[in-house]
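Here it is, the structure in full.
Naming follows writing order (A, B, C and D), and every chain is counted from residue 1.
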């Protein structure tokens, strides 16, 4: 609904509702538009902030290579633009990686941290999968992109049960995405290649929730147990019967976990 | 903080805060007192209602045998006493079984249903474990009761990490519980022996969240997958690294899941 | 070590050792050569038979499209060629699908059936992943092929721990495979696209062992539980901490499970 | 079929078949008689050795307290009695603990080690469960013993599916076991209370297989992952859909895993 200027790059954002601010950072192929169906629930008791990162959605695309350090600065600039001292920061996958950078480098800007289907570093395995994505993106062939990048984002059962929907998305991608979009996706993919926040995890002191998904084949459970083990006091819930895109497969569970953790005084409960 | 009369049995309850009402039904060996540490978080945005069922906590003990049908009527009487048409009903284990009876027999009284570590029926396996509990209870020996009934309520890792706390609770039980308490526990145990709500699950239409725990050895995952599969549209999150008493082992995760589901408009999110 | 003629296609096979015959059918990108390190263990007490299916390894490549029905006929022809009435048949992934066809259509040729990391049908999810493979294969680019098809075959932890080995394999593939190999892989991939043996599973009466792997992201656990549930009396062991290529990641576990089931009188043990 | 004298205690054993020797050590409530149905399969290609430890089955009962160090010495004496330098040693639960003592203190007597549903130490959780068993045993009440000790040995689904069998066993126990048996069980239980072989695990060099079970609620998966992580080169297979008594619930899988690992040259397979 608005844009702001980040070092000459226009970044698109949305600002819904009122209350304690909650900023959600998208997964790599997502955009603010991905959250349309969630907005009423999320903005009911919170100020919901959505942001298209550099090369995402309606934000500007760039003609240079970068790392997620750029996205980290973009988020800080966004908070400064809004004059927000602190937000609850929720990141999904790529957005979770950016959120982790904020948590280790700008902890004063976070009141709580929520990491959905996120890893602590880009392993050689995930990096090589990213290389497969880049081959498909470089072809500028929408079908090659979709088949290479999308099925693994979902659990097999969900993908099969909603195959008409998946196929319609494939056609939508083919129709809507031009070479510039695929090139932007490739830059985003490369920007995460060197991601490694493992050393910073023990220093995170903001209350943290890790949301994993039973059938996540992009950032599998082991990745998220690593976050839980290394971040002091980290909490963890798993969404059952869901793949990597838990917010799409299990929107109610995802929403309950995020809003429940964001808004409840979870840290003060001492039962022992 | 108050009692009301249920068919001549005084039932103790607590009524905290204001907002959408949330009634929590205790597990078998719990009472309103178990929730003291949770009350600030739960009553921050909701009217939190706690109730000691028949033979629990500060409620009256009886001199006759009963089934959970009595507890179901007690809950209805409690809602009537407060003049509440509807509540979000959250039940844990034994309390979840009573909540299931409400959901199938008095669905109009529930706005949402949350089942934590609950099963759809008392299997022969669980019934025979209940018989072991009864042997221990009949001895009126607090140590026999504790060792027979309590370790399995927790995950091995939690029990070991908090062994001093567990031992202190054992001593507290031995000091505090007299024969009347063990006899009440035994009646409660027997009251669940014939529990079987499986036939009613497909008729449940209230939005439902199932909360399971990774290391639940009383109502293991299979029990809860049965609920998820049979209750139309049921949602499911799993609390990792926790035993049956998830609210004790993982209070933040439990609280986030319950309040998130209770208060968010989870059912209106249509992403497909 | 030898070839035989199958409808004009030369099929390469190996015949090691003596004893009860055990025929292993390769996964899609495997060949007889994949088993070199296993041969001493497998041929110690059994007659080990290895076979490159049509378009695999040193067997002939063809210039027409086919389904796995061709491979099924190839296996029957192989058994006839050797004059073998019955074998213990062990199939991995693609080879497991061919083995399933044998079990439903030629049950008299099997004494036992072992399915490692196999599914009962090619789901839309797996078919679309196959389409991604075909895009990469059609490029005849060895790096695109490797990155698109191989990382997901392994668990992330194994791939990372053995990254030098994986990279050396990538270079080997790039050096060794020409367009004809990639075209053969593509035909193999397409030959499995319509695979669906679900209807036949309840009719399988040969003793069956399903071997699954904890981190199998090609034929995940759900696929193999489907086999276990549908094949009467099927047995099931899971290899922990392994991806789809369980025989590579956990050779000792794989070998123990296969030889243990192949050679022990497992079906006569009645403990109840 | 025979006894030998161990420090004045007659120990019963069985010696079946011929071939590489395989010695199986019983779980706590088992005896040589538990293996009757398995003997044909196990003795087909091996010399199968079964042994009732002190206070088990037909072996002598003692009038003093002891630790598993006594059982360790009993096993060494048994091997000496038979003049066996080395055996493949397979232990289940209590027997696995004794086997671990052998592996750390008498490694030269083992050619391979197989640990089924075993832990590295008696945790406070398991020790307190043992105390519950002792309360029940001290009552000399067969029903109290059965209900307290037996349901948790099985998975809920198996127990329910075979409830007639379980009930018949309960009646058999009640009829067959007198006070002396319950007192022997209690001594066995106490003998494991101080068990802790964690320090010795990194020194184990004999090829080792860990067999875990999906629904093991006595020695849950975490216990066995600890063994796998600490014993150099340890292998691991999991028997799905089974409780602690995997050999009863899944005899074919148990037998295949044990015989496959015992008899195959698993350690020489180098695929990388």
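Everything below uses one rule, namely that a residue touches a chain if its C-beta (ideal position, glycine included) is under 8 Å from a C-beta of that chain, and two chains touch if they have at least 3 such contacts.
Values in this document were obtained by computation on a predicted structure and should not be read as measured data.
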Note = Moving step by step through touching chains, the smallest count that connects subunit A to subunit C is 1
Note = Max Cα-centre separation from subunit A goes to chain D
Note = Rounded to the nearest 5 degrees, the rotation mapping the CA atoms of subunit B onto those of subunit C is 180
Ask   = Would the interface of subunit B with subunit D count as same or different, where same needs over half of all numbers used to appear in both copies?
value = same
Task = Calculate how many whole Å lie between the centre of subunit A and the centre of subunit D, each centre taken as the average of the chain's C-alpha atoms.
result = 49
Ask   = In whole angstrom, how far does the Cα centroid of subunit C sit from the Cα centroid of subunit D?
value = 35
Query = Looking at which chains touch which, would you call it a line, ring, star, complete or other?
reply = ring
Inquiry  = Going by the touch rule stated at the top, which chains touch which?
reply    = A-B, A-C, B-D, C-D
Query = In their shared complex, at which residues does subunit B touch subunit D?
reply = 123-126, 128-129, 131-132, 135-136, 139, 141, 143-144, 147-148, 150-152, 154, 156-157, 159-160, 163, 166, 215, 217, 220, 222-223
Message = With touch defined as at the start, can you tell me which subunit B residues reach subunit A in the complex?
response = 37-38, 40-41, 44-45, 162, 165, 207, 209, 212, 214, 228, 235-241, 247-248, 250-253, 255-261, 263-272
